[in-house]
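Below you will find the structure I want to go over with you.
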Amino acid sequence: MIRKLRRFAKAVTKPSYKDEFYHYPGTIPGTIIIDENAPPPQIYLMDYCQNNFTHQRLTAPEDCVPYLDQESVTWVDVQGLGSRDVLERLGRVFELPPLVLEDVVNVSERPKTEDYDDQLLFIARMVVPRERGGGFYSEQVSLVLGQHYLLTIQEEPEHDCFGGVRTRIEKAKGIIRRQGADHLAYALIDAIVDGFFPVLERYGEELEDLEEEVIVSPTRQTLQKIYQVRRELLQLRRAIWPQRDAINSLIRDRSELISEEVQIYLRDCYDHAVQVMDMVETYRELASGLMDVYLSAVSNKMNEVMKLLTVVSSIFIPLTFVAGIYGMNFNTEKSPYNMPELNWYWGYPLCLGVMGAIAFGLLFLFWKRGWLENSSTINRD
Amino acid sequence: MIRKLRRFAKAVTKPSYKDEFYHYPGTIPGTIIIDENAPPPQIYLMDYCQNNFTHQRLTAPEDCVPYLDQESVTWVDVQGLGSRDVLERLGRVFELPPLVLEDVVNVSERPKTEDYDDQLLFIARMVVPRERGGGFYSEQVSLVLGQHYLLTIQEEPEHDCFGGVRTRIEKAKGIIRRQGADHLAYALIDAIVDGFFPVLERYGEELEDLEEEVIVSPTRQTLQKIYQVRRELLQLRRAIWPQRDAINSLIRDRSELISEEVQIYLRDCYDHAVQVMDMVETYRELASGLMDVYLSAVSNKMNEVMKLLTVVSSIFIPLTFVAGIYGMNFNTEKSPYNMPELNWYWGYPLCLGVMGAIAFGLLFLFWKRGWLENSSTINRD
Amino acid sequence: MIRKLRRFAKAVTKPSYKDEFYHYPGTIPGTIIIDENAPPPQIYLMDYCQNNFTHQRLTAPEDCVPYLDQESVTWVDVQGLGSRDVLERLGRVFELPPLVLEDVVNVSERPKTEDYDDQLLFIARMVVPRERGGGFYSEQVSLVLGQHYLLTIQEEPEHDCFGGVRTRIEKAKGIIRRQGADHLAYALIDAIVDGFFPVLERYGEELEDLEEEVIVSPTRQTLQKIYQVRRELLQLRRAIWPQRDAINSLIRDRSELISEEVQIYLRDCYDHAVQVMDMVETYRELASGLMDVYLSAVSNKMNEVMKLLTVVSSIFIPLTFVAGIYGMNFNTEKSPYNMPELNWYWGYPLCLGVMGAIAFGLLFLFWKRGWLENSSTINRD
Amino acid sequence: MIRKLRRFAKAVTKPSYKDEFYHYPGTIPGTIIIDENAPPPQIYLMDYCQNNFTHQRLTAPEDCVPYLDQESVTWVDVQGLGSRDVLERLGRVFELPPLVLEDVVNVSERPKTEDYDDQLLFIARMVVPRERGGGFYSEQVSLVLGQHYLLTIQEEPEHDCFGGVRTRIEKAKGIIRRQGADHLAYALIDAIVDGFFPVLERYGEELEDLEEEVIVSPTRQTLQKIYQVRRELLQLRRAIWPQRDAINSLIRDRSELISEEVQIYLRDCYDHAVQVMDMVETYRELASGLMDVYLSAVSNKMNEVMKLLTVVSSIFIPLTFVAGIYGMNFNTEKSPYNMPELNWYWGYPLCLGVMGAIAFGLLFLFWKRGWLENSSTINRD
Amino acid sequence: MIRKLRRFAKAVTKPSYKDEFYHYPGTIPGTIIIDENAPPPQIYLMDYCQNNFTHQRLTAPEDCVPYLDQESVTWVDVQGLGSRDVLERLGRVFELPPLVLEDVVNVSERPKTEDYDDQLLFIARMVVPRERGGGFYSEQVSLVLGQHYLLTIQEEPEHDCFGGVRTRIEKAKGIIRRQGADHLAYALIDAIVDGFFPVLERYGEELEDLEEEVIVSPTRQTLQKIYQVRRELLQLRRAIWPQRDAINSLIRDRSELISEEVQIYLRDCYDHAVQVMDMVETYRELASGLMDVYLSAVSNKMNEVMKLLTVVSSIFIPLTFVAGIYGMNFNTEKSPYNMPELNWYWGYPLCLGVMGAIAFGLLFLFWKRGWLENSSTINRD
């Protein structure tokens, strides 16, 4: 059991602590530390303008150079951080400042916006609900926005929430093909923020289920689940708070890379981030309230158990005592006062009658106190 | 029982989670997503100036065009969001920006104010107490204020709290007929904010009832009710907080669409919103305190149960032991030391006397500790 | 019992929820809604300058007109809100804006300051401790300050805390007779703020009593009292917070109606309001801590009860078992192994000895664990 | 016991509620209310410049007049507030505004700074640890800083923390004799702020002791002590928060009475006040956490008690039942099926064997569940 | 046991309270108070420019004078505060203001930045995880930045987190050798902030372990550990909050001693400080939630124990009563109604049958209530 729990705990909590990765105190600023287990980078390129559209997988970072100077919007999407060489070549191709590369690779960076005159760095945290089981995948995404290009760097190739955006570009849906790289950046940030909703919706459902479970049949697993939800909501909160600030500083700083129109869209996106925060806070309060309810429910159950014990004991212990009295061996022949009841003609029936009277009297008392009904509702649940 | 609870829970919590509706990450901004279950829109038009008054139901959005350019105030009230076609035609008639339409249709938008030069968008959340049972209906209302018109879009046609305003216009009560569209907008916002009061009053009463229930006879249902109240107050809080901010930005931004006089009225309305918030916070603290009281009350009850068990056990277990001693079968004939009491002339009465003395002694001790009185107050409740 | 509790609860909580009175959503702004149960207004007039002093009860609002234009300070004190007619005539006499009259009559208004150029409206909440029982009367007072007059409107004629001010004017104590209407307004506001102190002092005492009660002999009533105190402190908090803000905006807005000197006095008054808030917050924390103490104390008591039960059971249940063994009817004649002890010469004394040894052994163990002492301290309390 | 507790509670809490003294609502502002129990004032004068030093006790306030106009720094230290006459004469000698005298005498004033052009009033709260027992003396100190003099007014002559400053002046240690009255004021304020450290250190130790007590042997006294600490820390918090603000406004307002150099020292003093606040907050959190630990520890103990009861009952109740069976009186002669065991040759040993087997079986089960070890750790503690 | 606990507590908490060291109220500002147990200072000097590098241990503070005026960067690192003489000579060599020396020596100073025109004082708190056992070493580090030199003063020579920086200088890694003293200061501050990560990572792991322990097998030690973690996190919080503010004021104040480029690096460092704070707050919430879980888990366990007791008692007490009945000695010969069952042919088997039926009936009931399964899951854990 313990082992099972442990394994379970590990499986679930691993992603939650993964983002506590940090670079060792005293390392050179700008150092790129490659996590050995990180997947090797896959590089995808999308180049589009209103009429043309290319989508291909690149083998080397340098392959995207020809696209960068064109007027068309170039989206280079790097998935995976497992190669120092590729990352450093990327840095050279896009002329990234050294601190940017470090932030991109340090997968536990707080979401933030950094403005480097001709480039804009936006670090975000993306969450994707797991297909099976609860929880969510959490992954850092870095966006580097230039005049005509957008470089995005994801931690791993498996999950992202950019599917909708890719389809919109490919199918030329909406206005995205008519807009610049800033609009693409907005679309991705919006997808990241909106990506919190399905995750939160799940927690909403889980809280609803837990509420019922807590009140109807609280078990130890319930407790663990509530704590789990609280912990994961704390994580979501740590992800969305700075994200909101980052979007806000995108809006406030009015970089020249972002057009007026996209500013308006970003404000909408900011509203969504605030809404996510609201929901996270609400869910956290609900989860914390559920813990109180759990404690009360457990106390309640114990109360019922104690009532049953008390009813049974209070009825049978006195009866047993009466039986014990007539089981005494006082010598009835030595004295007429020694348990003359034993020799009465109606002695035994009388004795049973007295016991019955005691039992029913006590039952009546308990019934009046309402202990019997309550005690039975437990049964009927 | 479980099923009943589940059904109960569903029935009550549905509206509370309904507003967690969201648009899928990656969808095009400005997309209008129609909820299939949304009721079809009904369009009502009121056109009035000091002397004239028209009130009619329109069949098509375009029917209101002739009213819009007149000096008279035109109030177009759309109830229901169930038709993309109607909404898009509305958008064209009122020349709404695409993001506005999206906000209007996305029924989980946070209350907010958006200023589009010649139009002012105010998104509010309206609550209406349910006729039967606890809880409330919660519905999004969008107000689009123009120079001479006001467009309001409600989620559904069934409940709103604009009855008073409609009567005032129809009966020409107060100054509303002498004022412009901005005053109408104020009157509706004021009605929405004041609409929180009857809902809150109900929670005030419910908390009072719960307080009594918790102290006199706490059951599992009490626990559930308290949690329910807490959850619904959290919802109210999420609705009123941004509403206050939205009203505040209406006042602060000093749009040209809103006259000086209406500004003063809006400040009054803002005061009411703050008062609502105050009440919500107070009720939340009371509800949270009730949970503590509940836990204490349950502990208290268990204490009483334990006392009874202890009193009964502590009295009868020693007595039963005494009876058990004289039930032993030591052979009195083999030795004068083997239970000579059994052959005494007064053996049995003496034995009963000893038992009585023990019982009364213990009862006296318990009485001195005050356990008997306390234990009996439970009974009298 | 329930009914008694209910009646008790009603009696105490009524005033606490009275201020939740609100005007129905959709009513015309500026509407005066008269509470049917409100007492009829009594109008008192005080007119004074350094040398003259008049104090009389007026029968009609118009009777104060002759005093208003004089240089002397005129204080019109209206007590009771039960007549629409009188209030509207008052409004005309003092030329009050319509929203002012509404605020005055709506007795659940948040304390606030409104500046209407030649008039200053200050809405305050006055608390007066009840003569008997706990709790306090809470009443809204509206002050309208003009150039040479002050109009005060109280909810009811019975309680106020202006006695000291009236005496100072009448007896010409202090500087009040030499000062203008603004000083009178300050004196009344100061009296209102200082009026919180006796109420708070009572809660201080009540908390001290409750603390003792909680630790020495916690009962269900204790729980109820703590919750009651918490609820009433919440009310006080809701009253004093906005009051502080209102005084602050009086100071900050520097209306021309308030002289430099009175500003200095108001700052002193503001300090007192902050002090009241401090005390309310401290008391709230103490009350909330008491709830924890209560829960712990109840657990503690249960612990003691359980210890007694465990001691008694653990001693007598094994003894009863021993007695039970020698109460078995094995046929000693069939075999020398069948309970030969029964036929021993010292069988019975030996058996008693064994029982005594078991009992004393267990008692010794319990004594070493310290259960016997603890269990007895309960008794000695 | 109750009385003892009550007396204890009184003794400790008196100082904690003493500062809740207030002036009655409606009294004239500037009124001096003399507490009858206040000690009579003792007036000490220190006059010093770099080379001269006088220290004497004055009999009348007017005796300090000759010193005030000199260039040398004059420190008049009044200890005790028990005479209206002396205080009013002081007011005249130092030309104090009336509100200042009121603030000085009202010993529950919030710490604050008031700037009266040629005088600076600083009201502080001084704490001194009690020599014996826990707790601390809390006393209001008012400082009035003039061009060449400093007037300090303390509540009582017994405790203060100015000893170090007096010695520095007397022995001409440090730079204090070369500096003006502003430096003296700083030195006293610094002594007051630093005076919180020894008090806090004590609470640090008490919390450490309580933590051990809570985990090893929680009793009712522990609970009371924790609550006591929480209450006293709340008091300290109420004293230090406004003190910090007062020092801050001393620094920010840049009065001409305070030199640039002393400003720098005051900033250091401000840092210390912030540090005190930090410690108070940390201790409050620790104390509040201890309450949780207490509750858990009590639950834990009850758990152990219940385990013992359950182990004893679960073992002996079945055994007693077995013994009860063979104590039944079925007539073995009437039928071979009526308790033939009683007549078996090995009946009794077999019966004892069965009982032993049951007992050991159950013990083994409990041991496997770990109940026996846990139950015994309690004993070993 | 108590003693062991005490010793344990002391060992662990000493460092946690050590920083509560304070200077006695009333001491002269600028006084250097040497802690007797402080280790004697060791002085190390590093002097480097792009091409040269010296690293030596100095015997006297004056030995570093020749290096200070050179263009090369000089880092004087003093480890240990145990000699007033050395510190005062240091003060003269570096021309430190008196308050700076006091702050440096007072090892419980709050982290802060002070700008003295040509010198910049930065006081930081450095944490280093203990090699064995939990907890961390906490030590104050003062940095004095001049034009071409940096003076650092540490509390003790044993632990610091500057190893990485020393290596980078020695091995000329990164850009540090090409930069000025401001970059060195940044590198050290960055190392201090990053030094919180390994400490926090440990608490992350400890919380994970505790979570499992709490749910699977909560003991008293668990409780203690949770409280310990909470206390140490509080300490970390007190260290990092002001550190963040200090770094922020470094950035905001734009001292001339810090170049533009280092400002950018400092902003990165500030981000890390915020991240540390985030993690501390998250861990504190988790730890506080664990306390609730603990309480619930203990209640849960008690519930299981009570269930077992109730099941055993409820089954055997009635059975024992039945056996007691047939153990009564009514004289069957006196009357046919006196326990005729004893003489029945099938009396005994019937009686056993009835008992069995009762037992199985009750077991069935308990099984239906789910008490038996739950009770056994405990066993399987």
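By written order: A, B, C, D and E. Residues from 1 in each chain.
The definition used in the following text is that a contact is a pair of C-beta atoms (placed from the backbone, for glycine too) under 8 Å apart; a residue touches a chain by one contact, two chains touch by 3 or more.
All values reported here derive from a predicted model rather than from experimental measurement.
K.L.:
Give a one-word verdict, same or different, on whether subunit A and subunit B use largely identical residue numbers at their interface, taking over half shared as same.
P.N.:
Because under half of the interface numbers appear in both copies, subunit B and subunit A meet with different residues.
K.L.:
Between 0 and 180 degrees, and as a multiple of 5, what angle does the rotation take that fits subunit B onto subunit D by Cα atoms?
P.N.:
When the C-alpha atoms are superposed, subunit B turns by 145 degrees onto subunit D.
K.L.:
With chain centres defined as C-alpha means, what is the inter-centre distance between subunit C and subunit D in Å?
P.N.:
25
K.L.:
Could you check subunit C for residues that touch two or more other chains and list them?
P.N.:
295, 299, 302, 306, 309, 313, 317, 320, 324, 327-329, 339
K.L.:
Please classify the inter-chain touch graph. Allowed labels: line, ring, star, complete, other.
P.N.:
Graph shape, chains as nodes and touching pairs as edges: a ring.
K.L.:
In their complex, what parts of subunit B are in touch with subunit A?
P.N.:
Going through subunit B, the ones touching subunit A are 1-2, 5-6, 9, 13, 17, 20, 22-31, 99, 103, 108-110, 112, 217, 219-220, 223-224, 227, 230-231, 234-235, 238, 242, 288, 291-292, 294-295, 298-299, 301-302, 305-306, 308-309, 312-313, 316-317, 319-320, 323-324, 326-329, 332, 339, 341-349, 351-352, 378-379.
K.L.:
Residue numbers of subunit A touching subunit B in their complex, please.
P.N.:
The touching residues are 161-165, 167-168, 173-176, 187, 190-195, 197-198, 200-201, 204, 208, 211-212, 215-216, 264-265, 268, 271, 274-275, 278-279, 282, 285-286, 289-290, 292-293, 295-297, 299-300, 302-303, 306-307, 309-310, 313-314, 317-318, 320-321, 324-325, 327-331, 334-335, 337-339, 365, 368-370, 374, 380-381.
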